[in-house]
Each structure stands twice: as structure tokens, then as C-alpha cells.
């Protein structure tokens, strides 16, 4: 989604540009691979205003490199096709950071022309990165930004395709289910208990030398009261209890705005659940599957997450509470590279043995599986300023257009999610990474971890 | 559009079923041919709620024969695919005569599977028609109905595709312009004069022995006052004068509801016109073309037709007035078979020599070119009753489902258009043929012929 | 409703201007009287976009005389208040023939100021009519038009108030029920039978020397096939059978657009009916009343009228069929002057004895009680031209503004109703009178008389 | 607005119940007084879905005492009118904390009946408070809550009335302008400079022994980085510069959602500003007035506040930053008791002399004048739990209904405003008081104070 994170970077680690091209090629190959199981027609359609057709995603990631890397750095730059500069832009005609609302009607260019466009951009990127202008840090930074941008669109594309396929009476699969995902699940779920965290002044925000978006900076202090987090995610089985207790009919557990949402959409269960002759099913990227009680709940709105937490006598964590826990734990989980493309059950024995630090409470499924809604509205960190290029460099106008102001312009009426999901490329995730969506969002892979005051 | 004319027939002429299959094959080939210049992606998308994707049209015409001919007559009937019975139905899930509102999201089945479906139905129709059950008039009648239905969808498909392509910034062509369509036009337009018609009691409705829809019957008497009709259609040049005189800003010439429509859509010209650096252009199935003053105006709503007529001191004809004129004139004009797929200029010398009857006033462009809006609301003829099968025959329930009630259920808030257009198969047209659309419709090939009282 | 009938008149009968003032005073007194049982607050609010607050109606009828009679004829004309010329106009700011959409927010001027305005206009009309400029027919015609206009607003005001009160949980009465309206009704309903009418050429349109709106002219010929009309209106009891037979859940009996309306409004019964502990009730101007099976059905949309007729194996009459019957029968019925303000039961013995002409079939409740939906779309009569003043007279611009074009600009997507209702002033009704509303309308006093082909 | 703060209280100061009744009487008198200049009709209408008619406010404050104080404590309780329990509830029929959406149609009961209702409740409250059940703290607490609730509705009523009158072409005044409000303003505005605040751990939340809403608790620690706040509010003159610099046409300074809002509402200036022949005017409770450059800007949305701050190279304060400043300064300002009902100009010499603490930076207009938007989304404080009665007391169910859960259920997609306005009763304000509205809100008296990082 283009409102996201055409974003800023603070500092970049230094690889050779040869290595950088290798990374570029590997990420691009992954993008192509993800589209491999889609038909030409699947690539052409989107089923939600906030989503985009897969072929638009592909054109858009090529457009990003052509516009923000090739245009300023390529000798004798000439765009592949003049019309593509607007058709694949994330700025629409009104200067807004939405894609063109007609992008679902772009049956031309065909997918194969967009693939040509992509290959053309690849070759030009290859030439550029193998003989870059001397010592240009900005070229480096813009390319790294483009790679992060592309991985973000890999994730969006999968979420968009899942919604599209879910609308089809034929219930198509994006792929066949991986071994052990829906069968031979542990008979008893991992137990949920509370892990306690001390309060005090903590540091929040990106601390390293690598890439991060501008919204993760500056690193700054916050005061936290002591709190506890649930040792695992909420499961389908947990959420079924909420449904069976009349959760969707009890206005008292909902935010007022959430209750309006429930009634106006006549919501009775998570969007991909279906009730079929007294059996619950769930639509997945592997088609329709019987609902598994031990798998994590996924695809809930902020409203549903908040209502569940309230009903369960708990609350959602703040993003600082989450980051304080997340920064103590190794980034390890069920990410897109696993190929499951669905959240997996927590191990019943999520004991201390299985992780690196014996001094800190361990939280199962903290990274990967599902994005965890926090109660924190998406807002700037103290001292934040939108990413700006060094104005003494001639490239700065491009930089500002690519990255400046973007994250900051989304900072109202959106809520932060943390930790990545089973469709997130692992490399994209940092403890400080902030994802954000409006409270009504449910087509993203979003779920629930509970928190409580001590 | 499926709300149209899944309709009734009164009586059928008698061909052999061999001949009938030939006709079936020829019409089906035409359908395939019309899709020949479309990409797979073009076939998958529709750009208006009232329109449908081309591949849905294709599936739907096969569905019609499978459902209403093969299902009752085929020995050991088995549907090609059980889900297709609802996916390609013109009844949606709520029992309404609209197609499924999600049909634009049906990326599966792929176009090639739908083509298989079509071929499968073809073969089964072939087998059935070459060895039909003895003496079954109903089989005959249902097949003829299916052929008329399919020709109607050929026309709808072209109108739908034109709208889709018009939304694309690449301004694609459906086909290259035919010789002489946009060049070497007569320098002076055919002059417009009035042709007078006597009043008195006339007969309205279908009179022959062949196929007609139930809404064309019964033939009945009407009393007409003397009237006059314009000798040709309104041209782009005529309509430019209306625009330049401030027609779209002058509430006084519009129906109240039309003025609401102008303002809510910020309408300033016909939908396919574009103003480009002081030159007017028109989007056509042959791409964007300079606007030709002598070509007939096309793609106006009833509101625009009525406003123009009012501004010009005239009115739209009633459908009885039109049919009274049309029934005296040979059916001859610029239909889909011409391949122009755009209305053509009237000859400056549309003299009496060029037509068969010297006794009757000649009206250029009466058939073909553009559907002519009449001022008549679409309503049942006196004595009309929806087509019903003979209830003594076992097939009658199917018949009623296929044809019964359909035309009659659209009989509110729609207006009648007459004469066919440049995308109408010529065979579909009769003097008594009634097309109908809501007043706001402009993506159909609709235009204006003026009338006046004497 | 202001889109109605700021209309044209053809010719006017000749009274003295003294008599005309008496009529003016009597009609104005009736307007005041109708508002007598309303509180100041009742007068200030409207509950539908198509309705207006009672005080706006009062200001508007005064505005009409001030604008179209006093402005051109009064010596040294000065408006009562300059802002009232737009606030009480039936033209809104965009030149549209709707009242100001903010009229429900006009808490100022207060009702008492509007009453002052009215009294002021009365006095000025008094002075003008008692010493009119010599020989001015136009003054006469404009005043007569204003009187008809005011009577129309008397009716609209009652329909608007009924809807407003129906929204109030206190279920207020506009007045107490008249004797015998809801009690001591005949135990058996009047039987319904069919009355036959010959076909042939008939005359339609106003034939007299008095006032009529321009849409009733010119009188013209039409050919009718033989037909029959029901001897009385459809009753609540008749309609209950439709409901109990599942009429509102059976898509097959509805126009497609009507079915959309049923589902989008979740319509299950006529708008003023309530189901209360297994008993049906009906909201009336006399408050909530038990539903009486023998009273005429009232407040149905065209969609409901058409669905009922279809279900009953009949159809709605055309307006020509209605007028052909109505012109043979004395205008006599349950009109506003009765004070019932609700339709009354037909007498069980509606025999030939009770009416004047023994040669013609008698139809009970043809005039008054409820407006009868016809199947006829509201369109111009052959030879119709909007009312125009004599252009040689200086007053003609005013005339055109008051009356010209108005009726004709509503002539799309509206349906004709005939015969007047229990809230219609009797004087307003003629056999040729055409009322018209969009098909979805149900807050008017509209009901059903069935027709059939012979 | 009923979604607000039917809220919780932590502890209550102890007055005698005699004194409490005096306070009740004084606040009730003020409510009556505020309605004194309104006509019966003004009291009956509301002009925004979020607003309510003045008479509904009056009925609602009486309803609050009847429902939450009289019902549980009055001997032989009998409601004044059974229907009023739902008509004046802030819970609508769906159990939602909105008032009945039809409240603008409640022309009955008349204002005078509602006044009777109020007087009746007054007398019963008098009797109850003068002979209360022994030692009942809950009675005390519920009454104090009712008084705070009523003061809140006094403010809402004025904001609602201002919007209603602003819609009227007669531009009515609620009252005449007070001396010196719009004339003899200082020729030069108070200069704006920055006041610096240290960072560190601060305490946020209510600290005293008196009444507060549950959302102000618990008092807790936060870490703040050093920051600066503007010494005065943004003025009309300041904001004119933003407009003249093209602020409303420059998408770059707006939040994305704000830019959507600007375009969909075609916003070009604050809602009550009018451009009249090259002069700016502002609608006020004293009618239309020439726009005064030195008066504070009022009635801006969060979007406008954020866009202005961004354009000015600053930002909005967080609520903690505001409270840290506010808790050091005496509560003194232009509140409703002044009678101005409009924000007043800052004194040019807002020097340190004029306030009590020489050690702390002084901020002019911090209290009163306009509610100051903060960048903080409305969310629960750490350790917050909705107000709950002591479950051992029999009254606890009432308490929970009156106050429990309410504030917390609004905690999504709303933003906090601080400091009170010129229509806020002074007694209602505390340094810790949190007002909150959706970002689009502009009919409240909301304005801008800038902040910056140091």
C-alpha cells in the first residue's frame, strides 16, 4: 500500500555495490517467484480499494527504481514508457499518496509488458550498480530504500491476493498447504501464561547502523510502569469462546466506533471464517481449510482485538511495551521464507530452553506468524523529523520526493502493529519496526497478544 | 446486460434443426471473433456496475444454452461444472435478475476454461440439434431465443469493452479504423429537414411469423396525431452548438432530474468527448479520434437527449411515432456487420432515389448507427402478458424461467430506444424491436432524432 | 412538494375580483386552520428530504403571491423582507426547483413572523384585488394559479406532518378521530367486482372553461382497447392476504427495481403499519389505531401497488383508462372538507341507485379517499407545450417564471396518480387532474385500484 | 455530546448536602439562563448529526438525575413520563452511547413540558438532598457527577446552537457582543515567543481530592524530552498568512487523511469564516463580525491544526507537555462566566508580572479562550481501569451504568484537547482535564498552540 513507508532511512551499512546488486537480484527474484502461481487474470484484479492488482505491484516496484534511482543517476536517462510514470506511481493525479483509483482497470499494459519493464529496469540497475558514480552514498541509500520498499510490496501483494481469491466461489488455492501446517497439530494447545516486565526508563527506537525507516527514529527514552505480556498469541480456539459467549452481540465489550463497525458490516466472526453445516472453516492461501483451534487467530481488526482483550479482562500492549520485550529476544519465527504463508501453532513446550537469553522472559510467536495490534496510535517519536536529504547534495529533491514526509503524513487515525507475520520477509523486521493500519483493517495478517498491568 | 430480454417469443418460423445448428454455429463464431482482439486481461475486467467482463458474457451465453436447452433435452444431462450454474447466471444470489456483483473478481475460471466450457456446450448442442427429440417445438423456440440472447450479448460486450478501454491512459484501440470512417468525410453535412407523417389509428407491435420478444406484442391499435420527424440524426456539430451556447450550464433546458445529474457528475460534454488543447476528441473503439462534426452524436443519456431537443425547440419522438415511420422503411443501415463499430455520416444527398418506397417520407440513418431515444417510458402494451409456455407441456417450467416475467419486470423508470446501432447485429433488429435503458445511461450507443408536432 | 405544479393554466373562468378575493380569503383561512392543531415546534421540522416544515409551506404560499402577483401589480412594490425572497422560494440557490435543503434549519424567522408576513400579503392582496388595474386578465390568472398552488400545499402539509408525527415515540395525534371513522365499520366489506368499459377512440385532457394545469392539455384523442376496472379500492384486508402469502419475500411478483427497494429498505409492510404483539396497527393523523380490514389501503409506493396487482393477476389502470371512467362519474367522495383525513370504507351496497348515471358503470371511491396509482409514466400529452404568457404583454416574464416549463421539467421517472385523496381539497380535483410522484413515494395518501384487459 | 464522559470519579470532596443542593440549583439556573435567548424553535432543531437540539440537552440533564440519582434513592420512585427514559437517554435503541438519531424530530414533548420535567426533577432533588439517606457517599458522588455532566452539556449546547444559527441566512445573534470584544482591540498583537520546559520524569493525571473523570487517572509517571511551547495562541492573522500562502491548496503540508478531508469538503478556510467582497468575516454567537486579526483562531479541525503547525515549522504539543505546563499555572482565563462567548485577544504585555509564579514560564491564554488540540490520541493512562462502584454496595449497578466503561469506549480515533474555552464553565476545568473529539471536528471551540522540540 503506497501510503506506507516510501520512507526515510537514517544511516546505511556499507556493502559493495556488487553485493548490493546481488541483493537486488535476490529480492527481485523473490517478487517474480511470488507471482509464479498466479494466472494472468489473477494479476489484473484487486478486490478492495486499499489493495492493488499484483501486476500493479510489479510495475510499481520497477517504477520506484526507475524514478528514484535511475532517473537521477543513469546517464542519458529515458523512461521505459512515458505513461508508466503516472500509471505506476503511488501519487495519484491529485498529488495524493494513493495509487490511481483506476489501477484495477489497467488491462493494458499486459502483464508481459510489465515483466519487460521490470527486466529493463533490472538491466539498467545492473549496469548502474556495477559502475556507479564515485563515492555516492545517496545512490546507495536510495537503492537500499528501494529494496525495503519492494519487500513491503511482496507482503502487500500476498495479502491482496488472499482477499481476491477469497471472493471467488471456486475457493482457489494460492499454493498447496505445506507439510504439517494443518495436520498433525498438537492435540493440546500451548498454555498461555503471563510474563512480567519491570518498569522504568527504557529506550525506544532504532539503535543500529543499518537501514531503518524514519518513523523508527530518533531513539529516545520512555518511562514504563511494570507490565505483563501473554506468553503466546490468541488462538482460534480462544476466539471461538468469545464468539460463543456472544462477543459479537454484546455492545458492552466494544469501543463505540467498533460497535458501529460490527453493526454496519453485520460482522459475526473474523472475515475469512465461514460457518459450514455446523463446522467452522477458514479461507487461507491454501484454500478453504477446517478451522484449527490451536492455530493463531489472524485477520482481525483493531476493534476485534480490543473487544477480545476487554472481554478477556486484559488489554492490548503499547508499542513501547512490545518493543521493550522484542528487543530482548532473537528475531526468529514463522516468516515468509518458511513458505507456510499461514501462522503456525505455538509449541506446547515453549520453555526457556528454546531461546537464547535465560535472563529474560520468553514470548512465543513474538516475531512472525501475525502482526500484533498495539493500543498505540501511530504518531511521531519525540524529536522526530521526516527524513530529509542533505540539501547541499544535488540529489536532495529526489530524495525528499522518495522518502521525505511520507511516513509522517499517515500519522493520524492509524494504529501500530509489531513483529511481522508469516508473509513478511524476515529481513524486513527489526525490534523497532512499526507497521500501521486504520483500526478497521482486517485483510492484513493481524492478530492479538494480550497485556496487563501488574 | 442481463436484465434485458431473457425474453419471450410469440411464434417461430420453421427451419430444419440442421439449419438451426448452422445459425447457432455462425452466431457463436461471431461471438468468438468479437473477442479476438481482446487480451486475456481485457476479458477479465468491467468498469461499470451495469457492465460485465467479456469472459463473463462468454460464460453466460454458454450457460443459457446449457441451462435452458441442454438441461431439459439432453439425455443424462450433467453440467460442465456445478459452480458455473450460479457464477454465470443472470440471477444473483438474492433471486434478482442482475449478474453476481462479484463477477469482476472471478479471475478463475480462466478465459481458457470458459472457452472449453463454450466448446463443450457447442458439441452438446450439435449432438442435440442433429438428432432432436421428435417434433418438439419448444426445443426449437428455446434455441431461437438463445440465439437472440447471444446476439444481444455481442452488442453489450462491445459497449462494455469500449467503456473499459476508455478508462485506460494508454487509450487502446479495440480495432483499427475502417476505410473512410474518420477521413474523407463529406465537407458539408447532410441537411436536416422535417418529414411529415399523417395521424390516425395505426398498428403497433410485431406483425410477422418469426421471432420477437414478448414485449413487442400484442400488436395493437394506437391513435396518433400528425407529427414530423427529422430527416437525419443529430450530429456532433449540431451538439457542439448546444455546448457552445452554454447548454450544460443552463438549468432551464434540463429536466429537473437531468439537472441534478449534470451537477452531481459535473457533466460538461458527452462522456467520451475530451477537450485537448482547444481541440475536441472522441474516444472510439478505434482509439482516440479528432471529433468529426458530421458524424452522428453518440453516447448521450436521455437527459442530454431531452435537453438538446428542448433547446432546439423540438422534442423526442414517441416509440409509436418511430415505429410508424420505421415500419414503412427497409431495414438497412450501418450495423455491426459493417465492421465500422462507429456511427457513420449521413449522405448529403439522402434523396428519395435511394430508397424503395416513393410514397413514404425517407429518414436517413433510421436503422443502425445509433439507438434513438424516444420519450416513451418502457411499459407493457395493452393486452400484454408475459411469455408463458403451454402449461400442458412438461417443459413449461423451464420456459417460464428462461423467458417468463423478464421483460415485464423491468417496466419502470426505463426509456425506450429504437432502430439499433453500429454495434447491433442486423438480424436482431425489427421495426417493432424495443430496447430500453434507464435515463442516465450513456455507455450504450445512443443518440438523438428530433420530432415535432405539426 | 415544490416540484409540483407551479404550473400553467389554460383559460380562466370569469368571476369578479371581489369574488376572487373572497375565495382567496377562504382558502387562506383554511391554510391557517389546518395549522391550528400544530405546536410551534411541529411547524418547524420536516422529517423527509422531499417534505417541508409547515411554517415553510406557510411562508411559501405567501411568497408565491408576493412574487408573482404583488411584485408585478402592486404600486411601489417593496418586499416584506428581502431575505424571504430566497428563503421561501421553490427555486434553490442552484436554480433548481427544489426548496432550500436547509429549510429545516430555519428556526428564524419564527412562526409568528411568518404569520405576520402572511397577514401582510393578505392585506396587500385585498387592496390589489379590490382596486385592480383595468382589464387585466393576467392578474386574474396569476391569482387563480396561486389559489390552486395554495390548496396543493395544504395537502402536502398534511402529508408532511403525518410523517413527522409518525416518527415520534409519543405517537401524537394531529386531531381526534371523527365519528364513525374507526368504529362501527361494516362487518362485511363491500364486495369487489369488475366494471367493463368499451374501447375505441376517447378524448383525454381538460375540456372545460375553468382553471387547469398545463399538463392537462391539450385535450386529445387516444385509442383504448376494452378494459375493466375494480368496483372499489384495495382494502387493508386485501393487502394483508398479500403479506401473509409472503408477498414481501417473493421476488417474482416485484419489478426488479421494486425488489431492490424492498431489500434495501428491509420493507415488510406499508410504512405506517406496525406489528404490535400479534396485532396490526396503523399510524394515522388520529394517532395509532388498530388496523381496520375494511378501510382502503393507503401509503403504498408504485412498487407495492404494481407487486400487489401482479400477485392478484391484474394490473394497474392507465391514466387514460382512469380518466375515461372518471369523466363519466360525479366528483363526489371523501375529500379534505369531510375532516376525516383518512380514507373511509366503501359502502357494502355501492349499487347503481346511489349515483347519477344509470348508463355507466359505477366505481366506488373513485374520487377522494386515496390517490390511485396508474401504470402511466408522467409525460407530455401530444401537442403539449409548456404554459407561456402572451409575449406581447409586459407581464409575460413573470408568468413564465411562475408557471412556464415547470410541469414539463418533472416529466421523467414519475408516475401519475388520479382522483384525489381524503386530504385533498375537493375543489382541486378534476377528472383530468394529474398528480405525479416517483415510484418509491409512500408518504403521500396513495392506494390501489386494479384493472384488467377484457 | 453524549459519547463524552458520562464518566467516572475517583474521590469526592465533602460538602454538606445542603451546600450540594445550592450548587445544583446554581448550575441548573445557569442552564436555564443559557437557553433564555433562544426561541422555542431554536430549541427544537439541531444541524449536525453529532449535535443535539437545546431542548434535548435540557431533557437529558434532567434525565440523568432522574435515572442515576432519583431512581435508586427516591422513596417510591416513579418516572415523570415513562417514554422520557428512552427519549432523553444517551443510549440509543441499539445499546449505543449515542442519543436517538430521531431526537431532532421530537417536536413533542414541547419545550414547556420539558421545562416542567426539569422543575419536577429539581423539586425531587431538593427533597432528596435536604433529607438524604444516612451516610451515603454514593448519592453524593452521583450528584457531583451529574453536576459535572450538566456543565458539560451547557458547553455542548452553546456549540450546537452556534452551528445552527450559522446555517440561517438571517445570520441571527445568540447575544449582543460584550464591551470591547470586537472593538478597540490592541493595534499590535501580542508577540509570540517560545517558552522552554525541561525534560525528565513528570507526573501526569489528577492529583487532588476533588472530582475528576476516570480518564484523568491514575496519576502516573512519564518521561518528557525538553520542549518549548508558544507563548500565546495562533491568531486569525497568523492563520490568514497560511491561507494566503496557499495552505489549503498545498497537499504537502497536510496529513493524507486531512487532504482527503480538504478535498471532499472543498474546504478553503475555517468553517465560520466567510469571504464577502474582499473582506473576511466570522460568524460568532454575536452574529456575523468582521474578522479580527488579533483574536485567537477558533473552530479548526485537528487536520487544520496539524497542517498549520507543519507549515509553520512546528508541531502540536502532546497532552503530557501541555499538562506539565498547565499544572504550573493558575487556572485563569476567558471562560463562559465572562459572558464573552468568544475568544479574546492576548494582552501585548503578557509579562511575568501578571502571574503568580516567577519561576515558571508563563503561557498566555493557556486556560479558556479555545480548546487546544494536542497531537495525542485519546487513550487510557497506564494502569487505567474504568470507574467501578464498590461492588459490596447495592447501588453499584447504577453507578456502573452511569459512569463505568464510558470514557474508555471512546478511546479510538479521537484526539485530546486541553485547557477549556470561552464557552466552558470555569469550574469544569482542571490541569488534568481531557477533552477529546474526532480529528474532523470543527464545530467545537478548538484552536492552536504550537510546540517544538528543543
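For reference, chains read A, B, C and D in written order, and residue numbers begin at 1 within each chain.
Everything that follows uses one rule, which is that a contact is a pair of C-beta atoms (placed from the backbone, for glycine too) under 8 Å apart; a residue touches a chain by one contact, two chains touch by 3 or more.
Small disclaimer: the values here were computed from a predicted structure and weren't measured.
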Overlap of the chain A and chain D neighbour lists contains none
Expressed in whole Å, how far the mean CA point of chain A lies from that of chain C is 61
Per the centroid of Cα atoms for each chain, what is the distance between chain B and chain C, given in Å?
38
How many angstrom between the C-alpha centroids of chain B and chain A?
48
Counting only residues that touch at least 2 other chains, which ones in chain A make the list?
none
Hey, which chains are touching each other here?
A-B, A-D, B-C, C-D
Residue numbers on chain D that touch chain C, as the complex places them
39-42, 44-45, 47, 83, 86-87, 102, 104-111, 164, 167-170, 172
Residues of chain D touching chain A in the complex:
3, 94-98, 201, 220-225, 227, 251-252, 254-260, 263, 302-303, 306, 315, 318, 375-377, 379-380, 382-383, 405, 409-413, 415, 439, 453
